[in-house]
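Same chain, two partners: chain A is paired with chain B first, then with chain C.
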Partner chain A sequence: MRDSFSLKTIGFLAAIFALVLVLPLVIPRFYTYTLALIYVMALLAMSLNLVVGHGGLFQFHHAAFYGVGAYTFALILTKTAMPFWIAFVAGPLAAGLSGCLIGGFCVRLTTLYFGMLQIALGSLIWAIVFRWYSLTGGDDGIHGIDMPSCISSTNASYYFILVIFTLCLIILYLILKSPFGITLRAIRDNPERCETVGINVNLHKLAAIVISTLFAGIAGVLFVVVERSVFPDLLFWILSLEVFIMCLLGGWFTFSGPILGAAIIVSLRTFVGTYTEYWTLILGVILILLIFFLPEGVMGFLAQKARPHERGLTAGEK
Partner chain B sequence: MEIIGDLTFAGLASHLLVGLSRAMILFIVTSGLSFVLGVLRVPNIAHGSLYMIGAFVAFSISHAIGGNTGFWVALLLSPVVVGLVALIAERSLFCHLYEREHLMLLLFTFALMLILGDLVKMFWGADYRSIMAPKYLRGSINIFDSPFPKYNLFLLVIGPIVAVLLWLFSNKTKMGKIARAAAVDREMVGAIGINVSWVFAFAFVLGCLLAGLGGALVSPTVSVTLGMDHDIIMEAFLIVTIGGLGNMWGALVGSLLFGITQSFGVLFWPQFAIVFPYLAVVIVLIWKPTGMLKSVW
Partner chain C sequence: MLRVESVRKSFDGFLAVNDASLRVEKGEIVAVIGPNGAGKTTLFKLITGHLKPEKGSIVFKDENIVGLPPYQVCRRGISLSYQVVNIFSRMTVFENVQVAVLSHLKKTGKLFSPARRHGIEDTWQILKSVGLGDKAHRVSGSLSHGDQKVLEMAIALGNAPDLLILDEPTAGMSPEETAVTIELIKRLTEQMGLTILFCEHDMELVFSIAHRIMVMHQGQSIIQDKPDIVKGDRRVQEAYLGGE
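== the complex of A and B ==
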């Protein structure tokens, strides 16, 4: 990652920001809603990319934390009289806490064993949510959650999500640029050497998991703000793999790749889904094409085209 | 709680038998998954879809032929059909990916799951289907004074037969030995002049065949419908993990643990019955993260 932005990049970012600020004023409500959904999924995909792309961990059940965030937020709003902001903070905190617990067990393991233990623990949460009718509504979920009046209209919730999303992007960017982010990529590329030079590998992995699950929790909370409902599919492993596809599509080793991947997948699902009921077939074909022809993702491909000798975010000063 | 009244020896025994017969289905499916995992080192997410296809093909065959023979023909043919599907997918696409990263192989099998799921929806629709077992396997007989379905007894016979056949195959035949060797050290197997790509293809197809057999066997006991793939695959993954990745006996032990905790969960706390197996898995994995038996890796 280069240290300073060029003028061109700043101009480009400003143009995009101006565009997303103005868009809700001119496009129909449904598109505003879809855009808000894209931000939510993009944040989820970026939080996954932090541990998978930059950390090299097999985070197979990321959706579990997304769901924990969403459910905590929804439950506090519907079952207690606590104010909105407490629920808003509690959602990500609960996700981060569960990330710390589950991650604590997982970091002792590597590769597939890491992934499988995480799937087991995540599925345990899913099974409890799925069955605990009196608390979570079981497989029906909870619908029609009331939001405070200031963010209840589609446009207001859009701007609210946009602000939170932008803040999260900046924080994520700073984290990945920080010494911690560089260490994380170094651990991904060569864990043995990092261990030898005195880096506590497991602690760094755990920290990465906690940070990423915190952001997944924020994404979960934002999902409830958009959708006003929660349901067990939020923590089902299928969603975890879909988020994987978003990261793959955008590009693992890039910062903005997951945003692009989420945008492509969400808009394809929204618009292709209205024409055909075989959306997952199309998603499967896209995924196979990606694996065969574009394994570095769209952004990775573009980055390679632009700078053939650099490989996006590599460890240290290679 | 009325459940306590039911807590007799007979009740426990019948729940144990139900759990065991469920474990047999799980074992047949997971032994296939474990075999693929051992040789190819890829957790095949599409395994559940092949299981579902096995059930749907069994439905179509048994309805086309009808009667008792229909069931037996379906039981024999649907694994073959599933094996063919697997062979086509492997030779046309999957075999070109073996040199790639693990994550790519994993995502490929996920893509396969997405595609196969929708193909099943295209061919068979979203309706619920049911298959009749042959006349002499319907109904139930009394064991310890409590009724026990005959079909579950049949499963209790089939499971051990499959286990023995698999053991004979992997220990007594040349192909089985090559496959086991490829699981441990694929470079060496390639170095002594064996076409590793074909060993992989063979292992993949055999594993998927077992998924098809499991699907065909389970079809008379459940309603055959879309979504079967999602339900089974997660259970299957967890079972092979607690058993030790790639270890066939581990799949057996894991299946027994899973099946029995599930059926006793129904007995003690029906609402949270599906939570118990996951809880058992989590406890095992925290206690022994790499599974109860030795992984072949």
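== the complex of A and C ==
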């Protein structure tokens, strides 16, 4: 990653930002809704990529934290009289807390064992949500959650989500550029060497997980803002897999890759899903093609094309 | 500075290190030599905390460091440069060293301030002193083996160690690269006043720069003394030099 933006990049970003600001005024409501959903999934994928692509951790059940954020937000809004903003802050905090608890167990293990333990512990949260009818509504979930009037229209919720999403992107970008970000990538490349240069690897891994799950919680809250409902599928492992694929597809060693991955997957699901029930079949084909032809994802591929000597390594060594 | 007293370590019944003792004083260059499998690397890993001895003591600057995890040992001033290249292969040469510098400055937890403001001068200084300045922005995995070995050492320097442990610094290097590395090690000790503990198969290198030499054979330290005395020792000749 480069250290400063060129004028070209700034112009490009400004153009995109202007475009997404204007779009809801000219496109049908359904597309605005879909775009908002893309931002939510993109934020979720980026939060995952912080630990997967940049941290090298096998965060296999990221959706569990997304679901915890969404459910906390929804439950506070529907079961208590607390104001919106408290619910909005509590969602990510609860997600971060669960990330800290589960992560605390997981960081003691490495690679696949880390992933398997996380699937087990995450599924536990899913099972609780799924079974606890009196609180969570079980497999029915909670629907028709009221939002404050200022963000209740499709366009208003779109802009609200866009603002939060942009803020989160900036913060994530800063984190990846910080000493912590470099340390995280060093841990991904070589945890043993990190220990040897005096870095408390497990502590840094845990911090990364907490940050990542905080952002997953924010994504969960934003999902409720778009969808007005929560259901157990939000923390089911299939969603975790889908988000993982978004990172891989977009380019897991790049910053913006997961956004692209989320856009592709959500669009496919939305538009192909209207023609066939078997859209996951297409997802499967994409995954196979991806592994063979774009092992570093779309953005990784483009970056390699643009700067061949700088990314002198092939993905084969991973 | 460092005192290792009769440490022992076995793997599945095989005694890798059995009753090894070692003493390193400040400012010294001490070499550990011995045939393959004598336990040199194991001894180093016992010192750096990667392995835990079954018995014996390791005292560094009057503190018992047995049982400390590697990152704690490093924070007390011991840096290890590996025998097999062990770098951050997807990151640039600069970042490789910067990570160690950031760790030394205790800044790895900084979240919101750009990394380009931290540890930059120290990193440049190290890269220039080892001669990697012009390759700073290359991805480290794409360097030649010799350069990677030098980077390996540069990372270890990032922690501004009091004691630098080099596990076969010239392993796999061409003769030219070896010569450059020897010069580098000599310069490091003269300019930075580093204390170095290293092991090496290149006897010329060992006898040209080491102040004292410790000889290991089958996990035991058989002698530790000045190069001339070691050279003339009968046990050493039997165990090692005589066999060549």
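A few notes on this one:
Definition applied: the second predicted complex is superposed on the first by the 311 of 318 C-alpha atoms of A that agree within 3 Å, B and C clash if a C-alpha of one lies under 4 Å from a C-alpha of the other, contacts with A are read in each partner's own complex, and residues count from 1 in each chain.
To be clear about the criterion, a contact is a pair of C-beta atoms (placed from the backbone, for glycine too) under 8 Å apart; a residue touches a chain by one contact, two chains touch by 3 or more.
Keep in mind that what you see is a predicted model, and the values were worked out from it rather than measured.
In the superposed model, A:Leu206 makes contact with neither chain B nor chain C. After overlaying the two complexes on the shared chain, residue contacts for A:Gly284 are found with chain B alone; chain C is out of touch.
In the superposition on chain A, contact of A:Leu117 is made with chain B only, not with chain C. After overlaying the two complexes on the shared chain, residue contacts for A:Asn190 are found with chain C alone; chain B is out of touch. By the touch criterion stated above, A:Gly198 is placed in contact with chain C alone, chain B being left untouched. In the three-chain superposition model, chain A touches chain B and chain C at no common residue. Those residues of chain C that touch chain A in the shared complex are 48, 50, 69-71, 74-75, 79-80, 82, 86-91, 95-96, 98-100, 102-104, 107-116, 118-119, 137-139, 141-142, 155-156, 158-159.
Remark: chain A residues 58, 105, 108-109, 111-113, 116-117, 119-121, 123-124, 127-128, 130-133, 236-238, 241, 244-245, 248, 277-278, 280-281, 283-285, 287-288, 291-292, 295 touch chain B in the complex.
Of all the residues in chain B, the ones that touch chain A in their complex are 43, 45, 93, 96-97, 100, 102-104, 107-108, 110-115, 117-119, 121-122, 230, 234, 237-238, 241, 245, 271-272, 274-275, 278-279, 281-282, 285-286, 289-290. If you check the complex, the residues on chain A that touch chain C are 3, 171, 174-175, 177-183, 185-186, 188-190, 192-201, 204, 207, 211, 253, 309-313, 317.
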